[in-house]
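Presented sequentially are two complexes of chain A, the first with chain B as partner and the second with chain C.
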Partner chain A sequence: MSSKKVKVTDMSNNKGQLTELNPADFLPLPPPYDKLELEPKMKPLTPDQKQRYECDLDGIAAVMIPRPKSDEEKKILVDKFLSGLTKLFNKEDNWTFIQALLLTMEYCAKCQTCSTACPIFEESGGKEIYRPSYRADIMRRLYKKYIKPGGKVFTKLTGDDIDVNWEMIARLAELTYRCTLCRRCAQTCPIGADNGLVTHELRKIFSQEMGIAVKQLHEVGSVQHIQKGSSTGMTPLAFKDNVEFMEDEVKERTGMDFKWPIDKVGADVLLLHNAGEFLAWPENPEAFAIILEAAGISYTLSSDLLGYDGVNYGLWYDDVQLARVALKHIETAKKLGVRKIVLGECGHSHKALTVIADRILTGDYNIPRESSLTLLADIVKSGRLKLDKSRNEDIYVTLHDPCNVVRLMGIVKPQREILRAIAPKFREMTPHGVENYCCGGGSGFAIMPNTNFPDWRHSVAGRKKLRQVLDVFQDVIGPEHKKYVCAPCSNCKGQIRELFSAYGVFERCNILYGGLVELIVNAMTDIEKPFLEWDWH
Partner chain B sequence: MPIFEQGEVKINVDEDGFMEEPDQWNEKVALALASTEGVDNLTENHWKVVNYLREYYQKYGIAPMIRKLCKETGFSLKEIYDMFPSGPAKGACKVAGLAKPTGCV
Partner chain C sequence: MGALQYFFYLSVAVLLLGLLYKAIKIARMPIHLRWDLYPIPHEKGKGHYGGSYFEELDWWTKPLKVSLVSEVKEMSKEILLIQSLFHHNRFLWLSSFPFHFGLYLLVGFLFFLLLGAILNLSGIVIGVSSESAVGVAVHYLTLLSGLAGAALGTLGAIGLILSRVFKGELRRFSVKADFFNLALLLAVFATLLISLVTVDRDGAIHRALAGNLITLKPTGEMPSPIPLELFLAGFFFLYLPFTHMTHFIGKYFTYHKVRWEDHPNLKGSKIEKAVTEYLGYKLSWAAPHIKAGSTWAEAATDTSPVTGEEKKK
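What follows is the complex of A and B.
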């Protein structure tokens, strides 16, 4: 079962688990994690879980696909998969992405530049199944066999054949959740093939055609978002209760006593937060409220269903869910008559509403959308806030670039202009900006707690980010120095929290993580007490 | 769907041991679930946390903000971790029969 020998055709075999994962194979980390005993354990699935869920790719059950009970059931699933595959290459069914997908299917020079760019492939110690071109090669064979005319005969002659059976499909479903859609591979490809898109399109077959999706992304994700108003399950009533609580907290922490604008018709800006912030990191929306109040920005929050939760999980696996949620967000803005929507510190909501949904937001639905990072940079540069950077002087700060905001949208400078104005000990990771590495929690990973998948997410998907953080702080790595990873994205924060917790990074190295606005408020001279609380959270 | 059984208690739970039907919760269920969290006895302080969580959940259909839980019960986050070693969300909410937290939390 040596991973080096795994071929694309092995996906269809019935010999059980294709690849073994052993932490000793992963790339060694910098000090103090250069000892294997500090590596978190990876739990194997229980015999019962193995029996119930598909896990023959690498022993991980991220999607928790129930094993079919009969050959009949398998056949139905195989047929649905092939029907979904056909739809991906049909303009009427997939007008959004077909062009980029076809280009990727037609062109690949097999140069493997993508593989050298992929943090998961590299950090896993080069496991063949995680190679970006491995997944794309499977898709390309499917395309050649089932979509191209005469493909079934032709692929046999060219050696591009692939057996499509349930074993292959089940492994492929799991394999689409071993890629964070960071699209570093697409960025580096000399001919513009997009292997990240391949993952995305495959996930669509599973969700849109076969009803196979990760429960946290779909059932208690985008479906719950539409039904209850938020993927967290937060109702409008709970949202208002949370805002009242945060207003009280702001008063206690800063002495500033003001009401947060909710449902204010005619405000300039609708501020759309990721609702996870209210529950897990309320200091983030609190800091936003403080800054916007102090800068005199005309804005409002919304208490409409979906209007207080800017997430859009469909982005990661299902175009239909993506469109449903994006339209609701725009309708909220229309109802309030705002001039633009500003997205809080949430990377995937940036990508969903500003870039991907753009093609369905035409006419009066085309309300301008802006990143909060540019708005915040304007505020900081305008001099409307009284800031004293020495208030952040004792903290070494580095910046994590969320893939969706930075690589995808090219927003690189604003967050750096802000940090240079408020954090004297700001230093850059290598690489950074559009060449950044994913936190390891992208494409929904950060909220997928199923079975032993979190172990994989910490040890493999997040390994590159942990390495970068340790490297950038290596000269001050001891716990006597305060260090802060500024990650302006809820999803990245969730992943960094879990990653740091798995490795004990706060306790061992005194590295905290958090958003950008908290650091800005920490530098505001009108506020007596430090805003940052140096506690693990 | 896994079934959790202990004494008279028999309930459907998810992979992480959270109740699938929170309506089936009662004090015996709480005690049984607590034992899976390494909590052998529910003291008055434990009940204060559990009862607040249930009260809030019944009113709003979701768990309260962790900061709010601390403030309303008067316990620090550390004290809650001391009582429920897996923490407020994974430990205390489970004992109180709440659904597992979802979304980017």
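What follows is the complex of A and C.
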């Protein structure tokens, strides 16, 4: 079947894989990746995987839903899905988003403007199933058929009918993990409908009603976070060990010998990092510690359960888990009596705790939350750090705007003020700011390693970001020029790491990625050696 | 009064009640969690680049700076010019803009008809030869808005139908109802246009009709196609509240209550009061990590379904 012509109603067919993915269909990349042979291979699923997991959408099994063994099992799953659908439109079960969801269900004009904004649809070469409105149209048909009074009759008359069977629901489950919730589509919609929200709400049916979620988001994500204190599995004790290790490393790299404040009651600030940083990019929390120490900020880290891991995966798929984690974060801050919580370089934890959880934080749970970018910009502008931008002179720097911080929180300027002060060769991608493109790792993608999903994430979801990076450095693309993608977000870094490695970007083009604080410390004159270790990546 | 006239009254009543019902229904839904989408034009001094108050150090200690002027400016551009389509979907804008602008002009046409009818009742003649300048102005404004509105609407509707038929990405997502809606509006625009260029070139019949309708007098005999036009307009009014074409109401909420709704939850605020009530709602989600029957407050604080430990009292 030609994937270009796939229709919404095809979702219910039982003809196997709906869309074929072929790298030759994807939009060609700029040099040096303008040759198909440099395109990473997309691994097909093994026959065993195909037989075990639902993958009839596009041959990818991101969620790894086991195939039901019998028709009865299928029927139970279909009924569960429909019962979850009803709850999504019930005020008590879904007060959190029902108003926004209903507006999107009722008023879409099917103009397809949103499709022009979606990097996944565009970069895939226009695969119908990835169109923002494709997913939404399925949801809308379900809403019209099962939720609106008389829906079963009216949808036949209007032409909005859709057959509901397990094939359709299994494909839909996968399809909710082909959208990064970047909400670029919503930005262009003339009605204000929000197809990113549709993805979010559909994921909730699967998780909150059916108990179906990606393992890394739920079981070893938010559940492990609540159980052990961190979605990385790091316990409070291990966290303290990590801090000691990082203290030593700072001493070694900079000569600065100081203790990091942990559980300091009465500090002004609780600094909440994404715990993934301690393991994957310790130089980031180290740079934070160096800057805050040098600037004389009264702050503390916490070793409380959840208090040292600011992630909140519930944001992507489950409101209850979101609320649980957010409340724990606030409780940590309450216990320490801090004036405010400052979020480290992690986009989704910024948005989860500052914006999304805002309204559930009532009474004394309403402790102010602030972005580290805002605080850092203030520190840099205040002159409290001795900075010399020429120390970054040999590096061409561009900035990746994490969707959660920029499009979804409106923090645009602080990071740019900092870069202008410390990076003489800073240049902007096109487009940037609130019109940025997602790194391709949003909504949990960056931590989803299942089957062949990473291949899809590199070649399709991350393609736009790779294109933007190559474009912005095109005049200096050769490996003789040092280039740096500043991505002040842990998840974005995770995605960029994998994306760059899949395409060999560091080796071929000498483009490094990293956070913002590392560049700031690299410009600090008190530190002798360069803080950025170029050859380590 | 004939059946057509009763039908028309019924339609207008359904339209007004239907719109009111829809607006109230949306407005009375629970306040959702924040779901801001930037740029938000009312962020004073920051709206133009998409910034927000989160860019300010200790933002909660400072007064929120709101610029209503910027918001109104942005809204006007969106409503009058449909700028989102202009920027992101120029092809469709070429039909959608005249279509919508035609509709706005026809709202103006209705207004001038009613104004003319009322002025008539108070003795002011409406027409080119009226002694009153107002009478002359109303005459021209009625004709201009009616003719331009019907013509632009007709062109726009034809453009939209053709786009839906010939452009694959639109056709694949269009259902019978979408074509019916456009065809109905095309019929309304076209009959009005035909009557204004044939049987009612100075708009007097329409004005008399409006006068009779508002004073509940029988409309009497009307030349063709005006009765058809009245029927189609009535049918459109009756049908509109049941369709997504009420998106002018939806759009108010999607912009003001979702995208641009960036009110922080401050202590003692209305938001806090409302949410406190919602936290008492019971949830019935069936997944194992949620205890069905618990309230939101309980579900959020009781992590025992995932930790296996009982909640501490």
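One rule holds in what follows: the second predicted complex is superposed on the first by the 536 of 537 C-alpha atoms of A that agree within 3 Å, B and C clash if a C-alpha of one lies under 4 Å from a C-alpha of the other, contacts with A are read in each partner's own complex, and residues count from 1 in each chain.
Quick note on the criterion: a contact is a pair of C-beta atoms (placed from the backbone, for glycine too) under 8 Å apart; a residue touches a chain by one contact, two chains touch by 3 or more.
Everything numeric here is computed off the predicted structure, so don't read it as measured data.
**Q** Once chain A of both complexes is superposed, is A:275 in touch with chain B (first), chain C (second), both, or neither?
**A** So A:275 only meets chain B here.
**Q** Which partner does A:480 contact after superposing on A: first (chain B), second (chain C), both, neither?
**A** neither
**Q** Please work out whether A:528 is in contact with chain B alone, chain C alone, both, or neither, and reply first, second, both or neither.
**A** Neither chain B nor chain C is touched by A:528.
**Q** Looking at A:72 after the superposition, I want to know if it touches chain B, chain C, both of them or none. Which is it: first, second, both, neither?
**A** It touches nothing on chain B or chain C.
**Q** When both complexes are superposed, which of chain B and chain C contacts more residues belonging to chain A?
**A** The partner making contact with more of chain A's residues is C.
**Q** So, A:245: does it touch chain B (first), chain C (second), both, or neither?
**A** It touches chain B, and chain C stays clear.
**Q** After superposition on the shared chain, which partner residues are touched by A:230: those of chain B (first), chain C (second), both, or neither?
**A** first
**Q** Is A:355 in contact with chain B, with chain C, with both, or with neither (first, second, both, neither)?
**A** Only chain C; A:355 stays clear of chain B.
**Q** Identify the overlap between the chain B-contacting and the chain C-contacting residues of chain A.
**A** Chain A residues touching both partners: none found.
**Q** Which stretch or stretches of chain C touch chain A in the complex?
**A** Those residues of chain C that touch chain A are 26, 29-40, 43, 46, 49-60, 78, 82, 84-85, 87-89, 92, 96, 168-170, 172-178, 244, 246-247, 250-251, 253-255, 257-259, 262, 264-267, 271-272, 275-276, 278-279, 281-290, 296, 299-301, 303, 306-307.
**Q** Provide the residue numbers of chain B that touch chain A in the complex, in ascending order.
**A** 15-16, 60-63, 65-68, 71, 77, 99-105
**Q** Spell out the part of chain A that touches chain B in their complex, as residue ranges.
**A** My answer: residues 49, 64, 216, 220-221, 224, 228, 230-235, 237-238, 241-242, 245, 249, 274-280, 282, 309, 311, 346, 446-447, 449-451, 490-491, 494, 535, 537.
**Q** With touch defined as at the start, can you tell me which chain A residues reach chain C in the complex?
**A** Per the stated touch rule, the residues are 5, 7-8, 80, 83-84, 87, 90-93, 95-100, 102-104, 106-113, 115-117, 128, 131, 133, 137, 157-160, 183, 186-194, 197, 207-211, 218, 222-223, 226-227, 318-321, 323-324, 327, 340, 354-363, 366, 368, 370-371, 374-375, 378, 406-414, 433-435.
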